Every structure is written in structure tokens, then in C-alpha cells.
């Protein structure tokens, strides 16, 4: 590491130690999901420290930060995917439309039908395109006959901007599509169960620039019907795609604000350092 | 956030590019400052040779503007600067435009000097012109210093001095107008003085603009087209809560 | 800046030279290694060819049977039968005398008692059964003289099989037999055919009548029971251990025990079988049911370990995707994880089954070593299995039994190859889904 970078590193640690709380909070008028005082532990290691965040209706919230800062962990808490990890312990409150999703009466299966997730590496099932999209509706019983199911599949594929490319080969294997198409298939699969929130964990990091651009365009369209929280490594992507941005650093939410402010004039020095490429 | 770290990017080369950009702007500023000083000197001492040097020197100023513009475009395309880096590039693009205009005004001095050097006519009110010129030179120097030091408070104060320059210019122009009314034969020569005074006032305005850009660069607040009182109020508003010191 | 560049440049040229210098040695070493590999493969192929050839050569004769056509007078009163006897009476009647008289009729020139006794040894002691079979099939033959093909004795068969056969034995008896065979052949009364009987009958004291069907059925029933028990239990245990078991000490102990079970000597399972199933639960001895239970205990660790490996190899991203859509854990496992793990699970199962097919030690303990003539009809009938049949036959000195031992080994190997082929087919079938 160069001397200058070392100095920045030291300075950043000092700033972190002096961290007094999230700056630039922007309260959303129309709140869909609210997260308060969230602490997450993996065995004895604490991964997230007192994070307070909310997700508004029909907005795209981007979460950025260097590797290991906890943003993916936080995202996975929002649909209780961290339940599958034994060593993970979550404290704090996650409210979806006012109800605590970690409450004892909460059905995790129902929650995940309301809060969908798209993963980093496209992971279509090894089934046909039709079966991929139809799987969710089938297990939740959303269609009472074949026609309704066909309709759901067609609508989802259209909303995911994939219909025109695959309408003639719905029986072809889902894994035979290109990377960008596979990711759109995964998105179609997610929206087939009509979720209210879509969580995206670095959805474009495995894709080429053109596929990335089409997915970003898709996110913009999806915003009209869903609330979206997206974790991304690419600051430019966060800048292009989101209305609000949250900057995480070593498990703490440093700054939360409107995207245009964060990228032209961030309040906190740590945010400034990350965005301008002085750290991370 | 009162201190701007322009260095310490992870990419050394990016650091160098930004540094280079600032240096070039300061060089251009220095050249323009020199042009103004020489132009005024040529004008006030009726030095046609110096006037010609100033006249020719404007080419270099224009060339620098083009070069720096290209450098900015390249940084925008290749680095996608954000936050303070973005503000720096925006500031530079605007500042060189103003600097180039200052250079054009200085060129005018040179032309007038070359014109007047031949005639026997010595226009009146040169002392007032010299006084105005000294004020403007001082403001210009401080402006460039503020840019070099990224000093937002200093820039704010320097911007405030534009009012004095405007007042000085207004009183001088009243004097010149009354002189022209009294003695119509003198109109031609007085007009030359008039145009020069106006040029000086314009230089003051451009320096004022550059000060505003410096405040935007450092503070992230756009203070163009706001009054001085509101600016000072806004300055007090943005006390950064982040420095532990 | 320039210094570093020059240093780097120098290093590159040096390195290239060094690499080039060492290349010849490296390639030579690799060639030697390759050659040793090829040699090893060639030697093992040679041994394999040798083994196969010797088994096949020894076993092929067992697939042939020699038959002698006799004209037998089937007089009802001489046989002690009524004119319209039932099938049971037909089977109970004694045809020995009739057979002997037909032999005498064939060779009327033999008068001495010793000669006659040797003549009677031309046909197998299975011959009366065959006469009964012929009568049952066609009762109209009663009270007539029928031409029936009966099984020749195994030593006659050995002599008759190869016309140019030169026996090492040149004693009188063998010479006489040759004469008889020649006479029969002149009459077109002796034939060597494919030995279908080998696959239709169970074991017998007479080598020419000894068949493999009993052992084949016994093996099939045993494997059936083994598969029925070990596959569901094994797969379910693997799913539990991989997906549901909490990571605590108890689970660790279970895992260690399963892995160790795979290394337990198989005869210990036989002891368990005797003590628990036969002595305590009083299950029938020598039955494929008990054999199947014991073998499934042996196969379970193999299946569990292979299934766990297959389950582990399913990419977790698929399970994540299903969970994120709102599938419950059971749905995720049954709709996505298990189907994807099927190829590995099936391979493990077939390997386990193939091992079970060739097991004999535990089955010996539970008594499947008895001499069993009847072909088992169900899982509770006493039976034996292929490897044990091989062992039993290898004990007998008759040449024909030696041939049958090799033939049984060939059948066993064919079974194994078929099972492996089935494994490959099933894997391909499931892998296509990807």
C-alpha cells in the first residue's frame, strides 16, 4: 500500500472511531419497510452495528460500501434468508407495513412471497423457461387453472422484458439462455409471485455492460410497481439507478441521503473518500 | 468539510492528473495576471511595444484554455469523477472561461495602448484609471491565491470586494460623462478611457465569478447570483459535523 | 522508473534461458511417466485377459448338455399306473426299469453283468424325471414306445462333447465308453445342445442336472429386499444429516459412526443377523429376507455417504433461489435438491448393490450355505446366492462341477456388468435434466 493510501486508511479508522451517527437522514413519506436498531452477529463477531434504515414505496434504494461492510448481510435480513445460516443472530426490528417480520407468529414462507430476492449469479432452475417462472405460482397456488398460469407467466416475462425473446421457446431449458437473459428470467420468476418488495444482491456483477444496462433499464420500469432495494459494488450503477443511497462502512450506516446529493456533495468524509476512490 | 483532499486516490495516476489540472489553471491564471499588468502598464505609459507583446500574448492564453478544456473532458470520460473531484473539474471548466475573457480584456488594453501611443493626445483621468486598475489587479491576485489555497472564506471575502470596484467604476464613469458633456471635443479620447474602465470592471466581475466557483468547489454550495448577506449566512450554516479535531 | 524497467527486462531474458535449458529434462521425465502409466495399464489388461480367458474356457462347456435318444416302452401296468393316471401319479412312478430295458435293447450284444451296469451309467440319474416330464406333457404316450431324449451322464457328456477329445485316461472303462458313444453317434442317438437346464433347475448332486436358477433367484430376492430397505432409509438419512441435523455433538457422533460402519468386516453383520433376526426374532433361516436385511445394514453406509456427497454437490444457489421464492424447506429439497443429486445417489446405490451381490461372508453366517435344491419362490423360502453357489460347487471334485463353478462366475460377472450398465443409463437419464 502506498504511503498516501496508508494515511487515508489511518484517517478512515479515526473517523470510524469518532463516528457519532448516520448523517444526512432522509425520512421517506411513504414507508414500505422500516429497519431499526439492527445488530447482526455471526457467532461472536458483530457484522452490523445499530443500523437504522427504511425503504419507501416505489423507490429504488441503493446500498453501497466496500467489501465486507455488511450490506449484503443487511439485505438478506430483510427477507429472513439469514435464517438458513445457523451462526447468524439478528437483533433489532424489521417492520413490513408495520408488522415485525421476525415475530414468532410470522410465516417465513409468506414473507418470502411478499419480499422477493434476485441473486448475484443468475440461478435459474434446471427446468424449462415456463416451469421456472411458473414454479412460484404453483407452490403458492396462485393460479387455479392452466390458463391463469399461462397468463401469469406471460405477464411476468413481459414485465421482465424477456417475453419477446423467449415466447417461441418456453419449453427450452432456462440454463440455455445468455447471462443477461438468465438474470431477467430470475427477475421474472421473482415477480411471478407478485411480491411487494424486490431485493437485489449485486444483480449485474456477473453480466457484461450491455446486459447490465438492460437490467438497469428494467429496474427503472419495475420501480412503478415494486419497491426495490439494491446492493451494488458499482457506484456508478447506484448513481444511475437509485433515488436514495445508503453508504455502509465496516458494519455501520455512515450516510443516507438522496442519490444526487451523495454523489455531488456528501456530508461525511468517509462517504466522500469511498465515492471518489480514495478508499475501498 | 473544510479541507479538500485532492490527492490520496488509490490511483496514483489519477492524483497526478488532477494535480496537473490545477497546476495548469494556476499557470494560466499567472499568465493572465501578467497580461493584465502589462496591458495596464502599456496603456498608462503609452508603450506601444509592450502593447504589442500583450496583444500577441493572448494567443497563448486561448491555447491554454483549449488544452485545459481537453484535459477536463478526458478526466470526465475516463474517471467519472464524483463529489469533490467532480466539483473540481466543473470549477476548472468554468474558471478558465472567465480567465480567457480576462485575457481578452487585457488584450484590449494592449490594442488601445498601440493606438494611443502614436497620438499626442494624453487623455485625462488616467490617475483614476490607474487607481481602479490597481484595485482590480489586487482582487485578481487574491482570487488566484484563493483558488490555489482552496480557501473558501478568503474567496467569499474577495468576492465581497467587487462591490467596491463597481462603486469606483460608477463614480469614474460619472466623472467621464460630465467631462464629455462639458467638452465635446474631448469625447473621443475620453471614450477610450471609458472603454478601459469598463474593461477593468468586467475583469473584476470575472474574478468575482471565479471566487464563487471556489466556494462551490470547497463547500459544495452554489452561491452564484446570491447577495453577500445571504452568502455569509449560508457559510455559517454549513459547519461540518464530521471532523474530530 | 527507468531502472525498474531495465531490471524487469533483464530478468525476463534470464528466465527464458533458464526455462529453455530445463525443458528437455522435464519433457523426458513426463515421457517416462507416461510410459510407466501405459505399461501399468498394459500389464493389467494382460492379466485381465488371462483371467477372463481361463474362466471362459473352463466355463463354456457347462453351457452345453448332452442328450441320448432312447426308445422307452411305457406300459402302464409295468409302471404301476392306471390307464388314465393323474399328474402326481405320473411323477411318482418309477421309470428306472423301463430306461434300463431300453438301453439293453440298444446294445443287445452286452450280456455280462458288469457290462450292463456300465451301460446303465450312460444316462444321468435325472433321466427318470425327464421321462415323467414327457409323459405329463403328452399323456398319450402311455402304453406306447416313445422316443425320449434324456440327459447323458456327465462323464459321457465330457467324452461326447468333443469328437476329437483325447482323454488322458486310457483305461478300459473309458475305451468302452468311447465305443458306446460311437455306436450311438452312428445311430444319431446322441446330441450336444445348449444347456437350458442350467437356468431352469436348482442345485443337484448330479453335476449334469445341477442348475443355477436357485442361486439366481435367491440373489434376486436378496437384492430386492436389500434395495427396498437400504435405498429409502439411506437417502432419507442422508437428507436428514445434510439438511436438518443441528450441528452439535450428537450429529458428529452419528456421522463418525456411519463412516466407521463402512469399514466393519462383513462377517460381523452376519453375526448380528444370526443373533438378532434368527435367534431373537425367529425369522426363517437361510431366507432371502434375512439375507436382505443383513446386506442392507452393510450397504446403508455406502448409500448414505454417497448420497451425502451428492447432496453437498448441489449448488446452494438453486436452494437459495427456491427458498427466496417462498418454498418451504421440504419443498426445496424434494423439488430441487434431490432431483439434482439423483445421479450421485443412484451411482452410490448401484455400487452398494453390486457390492451386496458379491457378498458371501454374512450370508454364510445366517445359513444360506445349505444345499438347496428347490428354486425359492418367495423371500421367506430358503435360498442361496450366486457367490455361495460358486463356493459350494468349487468344493466338489467332479470335472463337471469345476466347469459349472466357472460358468457360475461368468453369470455373476454378467450380472455385475448389467448392474453397472443400468447405473450408467440411469445417470444419463437424470443428467439430461441439467
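When the chains are written out, they are named A, B and C in that same order, and each has its own residue count from 1.
One rule holds in what follows: a residue touches a chain if its C-beta (ideal position, glycine included) is under 8 Å from a C-beta of that chain, and two chains touch if they have at least 3 such contacts.
Note that the structure is predicted; figures quoted are calculated from it, not measured.
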Most remote chain, CA-based centroid, reference being chain B = C
Central chain, going by Cα centroids?
-> A
Just how far, in Å, is the C-alpha centre of chain B from the one of chain A?
-> 48
Taking each chain's mean CA coordinate, chain B and chain C are separated, in whole Å, by 102
Report, in whole Å, the distance between the mean C-alpha point of chain A and the mean C-alpha point of chain C.
-> 59
Of all the residues in chain A, which ones touch at least 2 other chains?
-> none
Touching residues (chain side chain B, partner chain A) in the complex | 1, 5, 7-12, 14-15, 80-87, 220, 240-244
Okay, in this complex, where on chain A does chain B touch?
-> 2, 4-5, 7-8, 14-15, 18, 20, 23, 235-236, 239, 263-269, 271-272, 275-279
In their shared complex, chain C is touched by residues of chain A numbered 79, 81, 84, 86, 109-113, 116-117, 119, 121, 123-127, 135-136, 139-140, 175, 186, 189-190, 193
Quick one: in the complex, what on chain C touches chain A?
-> 246-247, 315, 317-318, 320-328, 331, 335-336, 340, 433-434
